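One structure, pasted below without further comment.
Read from first to last, the chains carry the letters A, B and C; within each, the first residue is number 1.
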Amino acid sequence: MEKNEIKKIIEALLFSSSSPISLKEIRNFFEEENISIKIIEESINEIQDKYINSGVMLKKVSTGFRFQVSEDCNEWVSKFYPEKPQKYSRALMETLALIIYKQPITRTEIESVRGVSVSSNIIKTLLEREWIKILGYKDVPGKPAIFGTTKEFLNSHNLVSLSQLPKLDDIIELTEQEKRQLGLLETTEIDEKSTNAETDKIEEYNQENIH
Amino acid sequence: MEKNEIKKIIEALLFSSSSPISLKEIRNFFEEENISIKIIEESINEIQDKYINSGVMLKKVSTGFRFQVSEDCNEWVSKFYPEKPQKYSRALMETLALIIYKQPITRTEIESVRGVSVSSNIIKTLLEREWIKILGYKDVPGKPAIFGTTKEFLNSHNLVSLSQLPKLDDIIELTEQEKRQLGLLETTEIDEKSTNAETDKIEEYNQENIH
Amino acid sequence: MVIKTEEPKDLEKINIPLAYVKGEPYLNIPKDLYLPPDALEVVLESFEGPLDLLLYLIKSQNLDILELPIAKITEQYIQYIDLMHELKLELAAEYMLMAATLAEIKSKLLLPVIDENGDEEDDPRAELIRRLQEYERYKKASHNIEAIPRVDRDFYLIEKIQYETVKKEEIYQQIDLEKLVIVFHKLMEQTKFLTPHDVKKEFLSVREKMTKILNVLDNDDYIDFKILLDAKEGKSGLIVSFLAILELIKLALIDCVQANNNSTIFVKLK
């Protein structure tokens, strides 16, 4: 089979699929035709190049390749379709953030960080959207579900893996003195000479609190 | 706006739409941009040309333009999406079982065992598949057809003769529970431990029958 | 790439007026906490819980979380809670719990620390500070995630395009032969309970059966429903009997009663 034909077929497959197609699926499909993985990879690269200056582009996401509207055309497409995209509440986004960064996680664990209960609707919405899934059930009384993110979450954010997500902020490091003040350090030595800004601040703080 | 940009946008709109887009819709969309119908028509023609040797093509249909898989790729795309495996109805399975084990048999005889009438479709399907054939006609009023299985049935199920059909005892070392499920036992003792593959098969069968 | 990020609702980041009261824009929540109640209802509702409210109180006054001036914060927090009560906002129990926690920390700080080892006792604020920091991290993370391009908001997928199905060489799926055997045996077992096959459905018309049933019910007594069914007539016979009973009920010729589920059904002439 000629490479040009292979390219055409892969193109047709990608355009007619409702979900991304993986390299492996394409390879399996051409198995009978005895087409090397190298030829397939080359073909995909060439298709990618072909669409460089088009209204659509070939994109690699977590579960394979898919065509999507090219970056500079998204604005026009959104203009063509007047329906507003779904907006998600802050509560939902915070819940999602916790599931992303602390997975596997239970609802109780989410609640303990957020300080409020998580409504069932939020979990339901995330599950229906297929951004999260139940990974299993924790072996404690009540058998709470353990949640994690899905490949669909990555796909719907143009991501290949979770490592592409922004890193969590580090907790602000406390100074030695602050730690001691907060009882987070076990040292009992007090640096008597410390009369710097920190001390002043703490003293000020103490005064504020004592009155 | 440059023509190249217009082309890209139209391309993006066509690929992101679930239904054909008409010339009029495109013209209305670009109204604010003051783009002539001539430019739009030219753009569409150029898009059409661009895809002449691709896996997809731009096609004019009654309600507008839409992309579809190019003719020489349809076969491959069809091959990529496997048809759903057919599920055989309980009625078909029972009818076939009776024809296999009780052949030669008439439709009335099948009906009298099953207690319900056999739909003509089932007989038709089995005849079309060439799994059964009419062996002759019974010499009674109405001259009903007498059915039997074919060589084609044996071939398509990798059998040389009907004697190779599995025997009930061979398939299943029936547990007490399974026998009861099949109505082969009258005892009411329950063997709680039977949870093997055979049970599953029978349960699967039973479930199919329940709805 | 065009990224249309939803502006986070954080109060501290909002530059536009929070509200207009008598035509006057409110850019900041007044420090003295005198809040024109109607206008700020929206603001109060937007807190995602007690930690969120506390964070807001700290940030709005440029305070450091690590310093957490408990007395001040507690006082303000309580004022907010009171205000929410006044506005009859639905107040989650978590807000009250936090008020109690703050009060507890405050009281602990007021007590002199007596420690025989000379060690300083753990600062009662430590746990709360840890929780605030932890919550703040994920709050920030949620904004970061909100800003990531999202399908159907910031970018669009193509619709799958049509193709013509090319008919494949028809290969019929094989019958599961083992299942077939089971089906057959089950059928045979069923027929055991049936009379010989010469019982023809044609003879058992519903009308005829109705007459027979009415004959059986020829007095005023209740009769067990089962008596009306004759196993010898086979499955089709049973169905005809059942249909006949239903028809008789419909015609209001008989009464059918059952004390409760699964108990005996009785039939009687009307």
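Just so we're on the same page, a contact is a pair of C-beta atoms (placed from the backbone, for glycine too) under 8 Å apart; a residue touches a chain by one contact, two chains touch by 3 or more.
What you see is a predicted model, and the numbers here were worked out from it, not measured in a lab.
S.K.: Centre-to-centre on C-alpha atoms, which chain is most distant from subunit C?
M.R.: Centre of mass proxy via C-alpha means gives B as farthest from subunit C.
S.K.: Which chains, taken as a pair, are joined by the highest number of C-beta contacts?
M.R.: Pair with the most C-beta pairs in contact: A-C.
S.K.: Return the chain label for which the distance between chain Cα mean and whole-protein Cα mean is smallest.
M.R.: Nearest to the common C-alpha centre lies chain C.
S.K.: Could you state the distance in Å from the CA-based centre of subunit A to that of subunit C?
M.R.: Each chain's C-alpha centroid was found; their separation is 25 Å.
S.K.: Report, in whole Å, the distance between the mean C-alpha point of subunit B and the mean C-alpha point of subunit C.
M.R.: Centre separation, subunit B to subunit C: 35 Å.
S.K.: Going by the touch rule set out above, which residues of subunit A reach two or more other chains?
M.R.: Where subunit A meets two or more other chains at a single residue, that happens at 12, 15-16, 56, 67, 69, 72, 77.
S.K.: Give the residues of subunit C touching no fewer than two other chains, as numbers and ranges.
M.R.: 156-158, 161-163
S.K.: Taking the touch rule as given, give the residues of subunit A at its contact with subunit C in the complex, in rising order.
M.R.: It comes out as residues 12, 15-18, 56, 66-69, 71-72, 74-75, 77-78, 85-88, 90-91, 93-94, 96-98, 100-101, 113-117, 155-159, 165-166, 168-169, 171-172, 174, 178, 180-184, 186, 188, 201, 205, 208-211.
S.K.: For the complex, which residues does subunit B have touching subunit A?
M.R.: 4, 7-16, 29, 53-56, 67, 69-70, 72-73, 76-77, 79-80
S.K.: Give every residue of subunit C touching subunit A within the complex, in rising order.
M.R.: Checking each residue of subunit C against subunit A gives 1-2, 4, 6, 8-9, 46, 48-52, 65-67, 69-72, 92, 94, 98, 106, 109-110, 118-123, 125-126, 129, 131, 133-146, 148-158, 160-163.
S.K.: Where on subunit C is subunit B touching in the complex?
M.R.: Residues of subunit C touching subunit B: 156-159, 161-166, 168, 172-175, 177-187, 189-191, 194, 197, 234-236.
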